[in-house]
Amino acid sequence: MGLNVYLAGEIHTDWRDQIIQGAQGLDVTFSGPVTDHAASDDCGVEILGAEDQKFWHDRKGALVNGIRTRKDLHDADVVVVRFGDKYKQWNAAFDAGQAAALGKSMIILQPEEHDHALKEVNAAADAVARTPEQVVQILRYVLTDKLPG
Amino acid sequence: MGLNVYLAGEIHTDWRDQIIQGAQGLDVTFSGPVTDHAASDDCGVEILGAEDQKFWHDRKGALVNGIRTRKDLHDADVVVVRFGDKYKQWNAAFDAGQAAALGKSMIILQPEEHDHALKEVNAAADAVARTPEQVVQILRYVLTDKLPG
Amino acid sequence: MGLNVYLAGEIHTDWRDQIIQGAQGLDVTFSGPVTDHAASDDCGVEILGAEDQKFWHDRKGALVNGIRTRKDLHDADVVVVRFGDKYKQWNAAFDAGQAAALGKSMIILQPEEHDHALKEVNAAADAVARTPEQVVQILRYVLTDKLPG
Amino acid sequence: MGLNVYLAGEIHTDWRDQIIQGAQGLDVTFSGPVTDHAASDDCGVEILGAEDQKFWHDRKGALVNGIRTRKDLHDADVVVVRFGDKYKQWNAAFDAGQAAALGKSMIILQPEEHDHALKEVNAAADAVARTPEQVVQILRYVLTDKLPG
Amino acid sequence: MGLNVYLAGEIHTDWRDQIIQGAQGLDVTFSGPVTDHAASDDCGVEILGAEDQKFWHDRKGALVNGIRTRKDLHDADVVVVRFGDKYKQWNAAFDAGQAAALGKSMIILQPEEHDHALKEVNAAADAVARTPEQVVQILRYVLTDKLPG
Amino acid sequence: MGLNVYLAGEIHTDWRDQIIQGAQGLDVTFSGPVTDHAASDDCGVEILGAEDQKFWHDRKGALVNGIRTRKDLHDADVVVVRFGDKYKQWNAAFDAGQAAALGKSMIILQPEEHDHALKEVNAAADAVARTPEQVVQILRYVLTDKLPG
Amino acid sequence: MGLNVYLAGEIHTDWRDQIIQGAQGLDVTFSGPVTDHAASDDCGVEILGAEDQKFWHDRKGALVNGIRTRKDLHDADVVVVRFGDKYKQWNAAFDAGQAAALGKSMIILQPEEHDHALKEVNAAADAVARTPEQVVQILRYVLTDKLPG
Amino acid sequence: MGLNVYLAGEIHTDWRDQIIQGAQGLDVTFSGPVTDHAASDDCGVEILGAEDQKFWHDRKGALVNGIRTRKDLHDADVVVVRFGDKYKQWNAAFDAGQAAALGKSMIILQPEEHDHALKEVNAAADAVARTPEQVVQILRYVLTDKLPG
């Protein structure tokens, strides 16, 4: 058994790298959104032409990024959704909603302070982790039966 | 044709009432979450017994509320998701994600200031409205062919 | 047994009225798109605000009209798609494609001159009719076992 | 991540070759309909026997070609639908309808003059491109995070 | 609880009447194919125009009849498939295959002499009945808990 | 909103009556298996003929009872599964597994002593209740926003 | 593109070998039922123990064979169903019904004399072939664009 | 054809090893739950932090184990469910219910004494085996047409 794991959510810290690094040697294929913030925001207009209105500038970009998200979500066995401590992060919760409706296994990675605000999201998840290392430990256990320590 | 419309999201202002009032005479059946904030938070422990940990207090409540959300989302033809100007509102985005993955028609009701933060959610929607009246006008048009004015 | 029948396609002649008239007395519930051409084109901007670009003017309208189409297609037992002799009518073929993929029964109503251009659409249909009266005869036969004459 | 991309629609210009050429080095597997017009029209009768009626001649061919289209659509992550400036092209819109109903990512490739006639098709797509090069740029961005220029 | 029951298969004896008669008073809605053999064979050409080739004469009829079968199968909770002692009856086995793949409850009504030839069909069924009265008894038990005698 | 509630599991105590009694006045339609133990065991052979082997005697009955279970599970919004203190009750856990895979809301009704043995079943449920009254309170809250007390 | 092709139906002539032979060099993976008639009939009792009743002897075998058929049908892109000139062949029609309901491409291979009896099966198929060579020609055309001759 | 086989149920005897050993040389990929009882019980708290309440201790573990079960069930062609002679084994029946609802082929491996208690589970299965060797024989027959002896 190998696992496809989609790393959704926050793109401002190195949590993805920590998980990918920690999971070396495991049979996991990781995917994730474009993490270059500027590219992610501007991909639509850069490729398909400029827009006067920011609303449609954003729309074009969101739709192009959606091609990648759709593929990654569809292929994923496990979706990890990271909520950080800044910004609205509605996109993370939106991805979590899609993952839940598609019946994917889901791990939420978030600080304790968000517990109440994320209670519905957490309730749809298989685990609420506090650190990238815990996510790695779950993946290792699922794949190899090995617990940490 | 009649429509089942689920009114998801923000529970602190009277936007639901405005839509329901405005839609009088139309063949629409509205549903929505429990809007009594305290009841919504405490339903799990009130019915099933207290918890020492707030995390599990929240979990029990979220799961019980999920019975209603699942039914309403499943039955809905149109999901209206309202984002207000306070709180994290991840639950609203989570509902939007589920609605999108289930192939529901979706109308987002939000102030312009959230446009960028909601660009992925908006891109999955059939309309981005600014006022409850616009939501009513869409429902009236879809059901009766009549445009406002 | 009653049937939900969605009447898709051309909106410039009275073929829908002929079918609805002819089917009086049968247990059929008809639906169809908004046939007021101006309303259909402008619904998005009339309700949600004007756009400078015709492209986004069209987008807003198409998305709002899509709420109705999605509901009608989803509820339909039979989709009748009419191709007339003017305009591109890509929307009719697009509806036919959706109906086919959703596993709906489909009747194409078209003049013989379009036979070759519509061969893939016809091949996915249960009947290719030339007149509204033939569509009515099919509905009557399916519901009552009665053949014409 | 690799992508399966189905190139649907117009078969009279070399747009497919341009996309395939431009995408060299990307992890994309392309598919498309039979582009030999005569073979596509006659495959049914050539293999299964002649027909007196052009209607059934066409039917046999459309059904045989449908075996390939069904497979390609089913396997596709992204469906590109090209509308040219000649012919009815209802088959292209029919494929787009199927792709939309199957939840596939979709890119429409069309000249600006068709914008209004294709507004419903465009509204179901993730991008409306004007040139094959833009399609390649989208695929490259989705697969590698790289924007042009 | 009420049941929709589709009575598929043999159309030359009065087994449908026996079941419908026997089930009077139960909350069952019965459906079935057109049992007027001539109408069933000729509906396509009677409505849509004659064909020179018997093959296409048959095709047109089968497709029109398919509109009814698709609706009835889709709505059915239970599909009863009757195999008689004459004719090929491939249509009955074809309906049984569709019912099985759609996850419908299925009752096969057949004489013992067909047991071996129908072993795969029987294995996909919830009951193999020998008489219409047994079918009625099953429906009565499922709906009212009452066993015969 | 009304709810279809399937009451699965243990058939030796009056827990179903308690729930149905307690839920009077709520918009709930209850269903459940045949609770006449002898009829449930013997329905297959009583209707379709005796069997020498107990294995096939059981098989015939289980298949006939399955017609009812399939319908009830399919129609249910909420599945309540009761585990009592006697017998193997594998059928209850089997129903719970089906309900979970079908995406139904689920309430487990069980004494605390079974908590560990039922941990996987509980983890797939929206609530673990200890008394029929708690089940009623959940249904009342979901339907009317009212909490007990 | 490669194709998975399930060869269903008649097991008494060498039509499967003809197709497999003819398709050498094409990217096709063939599957099919167990064609050793005795093994197919007796597999259930040979492995799981003898039965007194032929009915249950058959049932055990049909269920075991169903494991293979389910896998093959599920994986198939194209299902070829062969009807010969002997026996009831209800199993072939049953497989065709399942293939149709699962949305598989389907080719019927049958002598002209069965045209009328198979009209509903044929109407659900993409091609009605008379010879194994025609089946091969279709597969070659679908995979390589090449027509015979 | 190769088969993915999920070995569910009892984890206290070596039945999995017997099957895996016996199936050597066959194109089968086996999967199964974590069989280290302590690890399986404690994985949740070991990775995600201790719980005061045994109920939530169990919940955390069950959810983490569910990630593996979901993946294995989803990928499986055949689910073998073993019922031993000790413990409640509700998890085994729960897995069987999920497998049945997902349309998987299913083999039940159980001693005769459980026949009556498992009659609904057995009725949803393709085979009821008494020994691991019989399971191997079924897999060999399905994959190679070879019967034992």
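For clarity, chains are labelled A, B, C, D, E, F, G and H in written order, and residue numbers in each chain start from 1.
Definition applied: a contact is a pair of C-beta atoms (placed from the backbone, for glycine too) under 8 Å apart; a residue touches a chain by one contact, two chains touch by 3 or more.
On a predicted model such as this, the values are computed, not experimentally measured, just so you know.
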Notebook entry, point to check: Quick one: which chains contact subunit E and subunit H both?
Noted result: F, G
Checklist line | Self-contact between copies subunit F and subunit H, residue sets same or different by half | finding: same
Next item on the list: Give the pair among D-G, F-H or A-B whose set of contact pairs overlaps with that of E-F by over half, matching residues by number.
Entry: D-G
Check: With chain centres defined as C-alpha means, what is the inter-centre distance between subunit F and subunit G in Å?
Finding: 40
Checklist line | Euclidean distance of C-alpha centroids - subunit C vs subunit G, Å | finding: 37
Checklist line | Multi-partner residues of subunit G (each touching 2 or more other chains) | finding: 63, 66, 103, 128
Notebook entry, point to check: Which subunit F residues qualify as touching subunit H in the complex?
Noted result: 54-55, 58-59, 61-63, 65-66, 69, 83, 87-102, 114-124, 128
Notebook entry, point to check: Of all residues in subunit D, which touch subunit G in the complex?
Noted result: 31, 34-36, 39, 42-44, 46-49, 60, 63-64, 66-68, 70-72, 74-75
Check: Which subunit E residues qualify as touching subunit F in the complex?
Finding: 1, 3, 77-78, 103, 105, 125-130, 134, 137-138, 141-142, 145, 147-149
